[in-house]
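Heads up, the next two complexes both have chain A, just with different partners, chain B and then chain C.
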Partner chain A sequence: MKKQSDITSFIFVLPAVLMFAIFTIYPFIKTFQLSAYEWDGISPVMKFIGFKNYLNVIYDSLFWRSMLNAGFITLLALTFQNLLALILAIIIDRGIKFEKFFRTVYFIPPILSGVVVGLVWKWIYDGNYGILNTILRFIGLEKYATSWLSNPKTALLSVAIVHMWKGFGWGFVILLAGLQTIPRELYEAASIDGADTFKQFWYVTVPLMIPIFFVVSILTILGTMQIFDLIYSMTRGGPAGFTEVPISYIYRYMANNELGYATAMAVVFGLVLFSLSIIQIFVSRKLKKV
Partner chain B sequence: MRKILPVLSVLLCSFLFFLFSCSPKKTKEQIVIWHWMTDREDVFNELAKKYGELTGVNVKFETYAPSDVYREKVRAAAQAGLLPDIYSPLGAQRELASFIKAGYVEDLTPYMEEGWKNIFFENVLKQNSYSEDNEWEVKPGIYGVPIDVVSIQIFYNKSLFEKAGLDPHKTPQTFDGFINVCRKLREKGIQPFVSGFGEEWLVDVFSRSFEYQILGEEGIIKTIKGEIKYTDPRWIKIFELFEKMRDEKIFAEGIVTMINKDAERVFATEKAAMALNGSWGINVYSGMNPRLNYNVFLPPKLVDAKYPVKIWVSSSFLNVNPKSKFKKEAIDFLKWLTNDEQQVLLAKQTHNIPSNKNVSNVIESEVLKNFAINIDKAFPTLPVQEHWKVVGVKCKGIQSIIIGEKTAKQLAQELQQEKEKILSEK
Partner chain C sequence: MSSKFEESNYISSYLILLSIAVICLFPLLWMLSSSLKSQSEIFTNMSLIPKKIHFQNYIDAWVKGKFAIYFLNSLIYTLCGVLGILVITSLCAYALARLNVPFKNIIFLILIIPLIVPLPGTFVPLYVLLKRLGLLDTRIGLILCYINGGLAFGIFLLKSFFEEIPKELEEAAIIDGATRWQIYFRIMLPLVKPALATLAIFNTVSIWNEFLLALIVLQNPSKMPIQRGLMVFQGTHITEYGQLMAGLSIATLPVIIIYLLMQKYIIKGITAGALKG
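On to the complex of A and B.
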């Protein structure tokens, strides 16, 4: 009877397992295999070159520069984006008028298409037609009007701002959910013991929210480091590579039929993200103990 | 067992359903053509219907756009053995060579030698042909059929020229004349020049119009082979031209991150007086601003240049799948598509230059005629091609010069370093 039940269960999950194996496991293994070859994606013959692609990746300064660019956006997202999300979550958690309206509005940017957001913001930043420059001229700050996405000093920051605008809603939702799991009695008890708002936040909210902070941080790092849609729609990695990120760099190699090298970069990139996640989990566990 | 049987039956039915619904359906003698040309979709369907009525052979055009999506689809189909009867790899000579060597492209030389090739512009047909000494070791021959021709020159707005006190019938013939025109436009607060320099290939096109003037075909080939270095004074001179143009403030705001569509909009809305763009721009501008008053001129000539001005000329090529069951029918269709009658229809409806030189006189647009009469100035098709990484460094480097991040000499050194790396890997 149990055996029959097991077989029936297995049959029901089989399609999902097959889909997972075909569309996730197989490509995962194939990526590692391709990274050891030189192949243009068309020739029937693939040339085995071992770890040569990986050696080239290590010495590829443009690849590491793209990692730094993504790292810069990630740092801003980890700090400003998540801080904004936390502040808004706290305000909503405390209960304000039109709470439901704000909850909905804050979650609109994350659900918009990245490419559409990129194109709209490209217009806003445009040096010829952009509304940002129009506003700056209107309020007498004409000297700050520039081609935001073509100026190497402002291009990356401009893209980062759009990414943070689009992304803070995710953090907001998760942080709000976390805040709402904290029992109110703890705040009441703290208040009775004489703790002011800041001390309640520091000694009650923060310790209980540490696991949530780390989930949000990991998701922010993983999501931001893999940024592509905004880069592609706004700058294509320009001007002159100043906004190139790992995925757009890998895409460039794929588009030029260098599949072996592109997959090697993808593997290295994946390992970097994996290492960052492990470090975060380790630090999170340490902090929990403290 | 009784409980499992219905579940197994459902799974088996689902599997069979997906298996048969994914199978390609083909009726008798149906030619399938994959293309990316959204602006030609209607006329293609019209021609397909006409051919079907004439010969009884069904032709089906399938559009996949934009072009980078189309390219990826073709590559995936090639790996899966699912290429249609007619398609295009849509890549440079190096990529087409990969397709040919993998057996995905039919050698059309025997058919072309029957007289078919004589209807085409010679330098256009060469772009899908390989000579004896080609670096990819592809069997020499003709592998593609051009169905129309496009070319790039400099569009200029006659009204803005007049506004700046310039004669709209007198276009700059030299580089110094071009700079003077730009100065006068700037003085009147008009942005002189725009192009989609966020797309590297357009930077390359503009740069090559000077490269061929200074180095000539032989010099370019020698550079690609590594016999002339990128630190050669001639190359530095080419890059210094961009420094000069930058210093004279000829470039429109944001040019280095503009895609061509953005640049077309800037020119069409008269925010810039000149635009480096292709002949397809005629259709685009008529859609964006029908009252735009413009014409075209060739890239400016350098006074001390040894060689004549050359321009980018290309064609929409279609290639035949050698494994097609209807190969003969596919080739017959392409012969029909490129005959006089069909080329006239295509030219009139799409406003592109016909690939059939016998009917180039049907062009009505004065601007398009100016494109057509200069097809003989096309960049020559070389037996070698510069590595895409070197071209990438060059184009990014020129973008860097335009935004003031690099000098010509710095770019030359970086380019030479990249070139040496590529040569050492060979």
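On to the complex of A and C.
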């Protein structure tokens, strides 16, 4: 009787387990296997080359530049984007009229698709027909007008700004949810003890919010490092690799049928992300104990 | 604290909030207004309000730009993907929360790996796998990928909801002679409706917006969802901004409507994922 019930209960989990095994676990393991071969994805013969792909990854300066590009966007997102999200969340948390309106509006960019956002901004940034240059000319800053996405000097920053425009709403929503869990009595008590707004923030809000700061930072790092849709729809990594990011670079090799090399890069990239999130979790544990 | 300081603080707060709101909305309004301008007006009238509503862009995009097909495809992928996710994750999460499944803790931990560990670049072997299975460039191949992509979060969210339901409800039903399936369908599922709604809305938006998998799995334009259709259209009609903006608006409108109606569920999904994790 007991045994039978175990088997019927397993039927409940079977579809999920089976799918997960085929479409997540198998590709995951396969990544490591493929990375040791030279293979075009078509020919029946896969040439085993051991660690040679990895060696090539290490010396592939374009791969590391794609990593640096994504790292640059991530750094901006971690600082400017999350700071903006925090400021907005604090203002809204203090209680303000039209709160619902602002909350609704700030979360519109995050729910849009990367392709839609990328294509709209691509036009805004356009050198000839873009509204940004039109505005610059209108207010007399014509000398700054440029083809934002094809000028190597401005391309990466322009893409990063769009990414932050699309992303700050995420942080805002999570930070606001965190702020709202802080009991109001704590602020009242602090204010009776003579703490001004700034002190209340520093001694009440910040310590209680540290775990949430970490969640937002991890999500920002992992999300931004894996940026793709925006890049693909705005620049495809151009001009000349100036906005190339790891996923677009891996995709480029995959589309070029160099599957072994593409998977080797995927493994290296995965390891970098994995160690970043491990470091984050480790640091947050340490901070919690303090 | 002086009231003057408070007042100026109040005003500057509103200024910040308002200017950010304008920055959020401007690109969208620009897209919408340009989609209603004629090709000649687009390059001459820089105002947000079109002189004459030019609806032709939508008709051209829908028919000539093939957005009718892309839109329908997106609808199919989203519906099938969301339904599949709801059925499979609710079955699994219920069993892991309440039934005597062998190795259930290990199974749960493995299933939620994607929520903890980033797995970038698995799309390359996924491509190889789909090719071997003959699922490359098929609708079912893409749908299976989407369902798989929703498993981890769905199981994670639903399991915690199932665990909160009092055990007595089930025990009473068992005494009344109900089978497992009856308990699952008649008692448990209705009790986790809010979580199911959150999952449904959340996955609707993410599948509708998905691009990378659609890029890898599909080659035939007649099977493409709208996000890929946009790239195809943009590649061939580079400067027909009016039509392109109409296409972008068509791709965006369903998401905005769902968001405005179901905002509560979307926000819940995000905060549940972030704060519990």
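The rule is simple: the second predicted complex is superposed on the first by the 284 of 290 C-alpha atoms of A that agree within 3 Å, B and C clash if a C-alpha of one lies under 4 Å from a C-alpha of the other, contacts with A are read in each partner's own complex, and residues count from 1 in each chain.
Following the convention adopted for this analysis, a contact is a pair of C-beta atoms (placed from the backbone, for glycine too) under 8 Å apart; a residue touches a chain by one contact, two chains touch by 3 or more.
The structure presented is a predicted model; accordingly, all values stated were derived computationally and were not measured.
In the three-chain model built by superposing on chain A, chain B clashes with chain C. Touch criterion met: A:15 reaches chain B and chain C at once. In the superposed pair of complexes, A:265 makes contact with chain C only, with no contact to chain B.
Legend: residue contacts after superposition of the two complexes on their common chain; A:249 is shown touching neither chain B nor chain C. In the superposed model, A:219 lies in contact with chain C only, and not with chain B.
Of the two partner chains, chain C is the only one that A:96 touches; chain B does not reach it.
Looking at the shared chain after the overlay, A:151 reaches chain B, while chain C stays out of its contact range. Of the two partner chains placed around the shared chain by superposition, neither chain B nor chain C is touched by A:37. Considering which of chain B and chain C touches more of chain A, the answer is C. Overlap of the chain B and chain C interfaces on chain A comprises residues 8, 12, 15, 41, 129. Partner chain A is touched in their complex by these residues of chain C: 1, 13-14, 16-17, 20-21, 23-25, 27-28, 30-31, 42-43, 46, 87-89, 91-92, 94-96, 99-102, 104, 107, 110-111, 113-114, 117-129, 131, 144-145, 147-148, 151, 155, 180, 184, 205, 208-212, 215-216, 227, 230-231, 234, 239, 241, 244-245, 248, 251-252, 255-256, 259-260, 263, 266-267, 270-271, 274-275, 277.
The part of chain A that touches chain B in the complex is made up of residues 4, 7-8, 11-12, 14-15, 40-44, 126-129, 147, 149-152, 155, 234-236, 238-241, 252, 255-257.
Against chain C, the residues of chain A that register as touching in their complex are 2, 5-6, 8-10, 12-13, 15-17, 19-20, 22-28, 30-31, 34, 41, 84, 87-88, 91-92, 94, 96, 101-102, 104-109, 111-117, 119-121, 123-124, 129, 131, 134, 165, 169-170, 173-174, 177-178, 196, 212, 215-216, 219, 222, 225-226, 228-229, 232-233, 246-247, 250-251, 254, 259, 262-263, 265-267, 269-270, 273-274, 277. Within the complex, the chain B residues that touch chain A are 3-4, 7-8, 11, 14, 68, 71, 75, 78-79, 91, 95, 98-99, 101-104, 191, 198-199, 252-259, 262, 266, 271, 388, 392, 396-397, 399-400, 403, 405-406.
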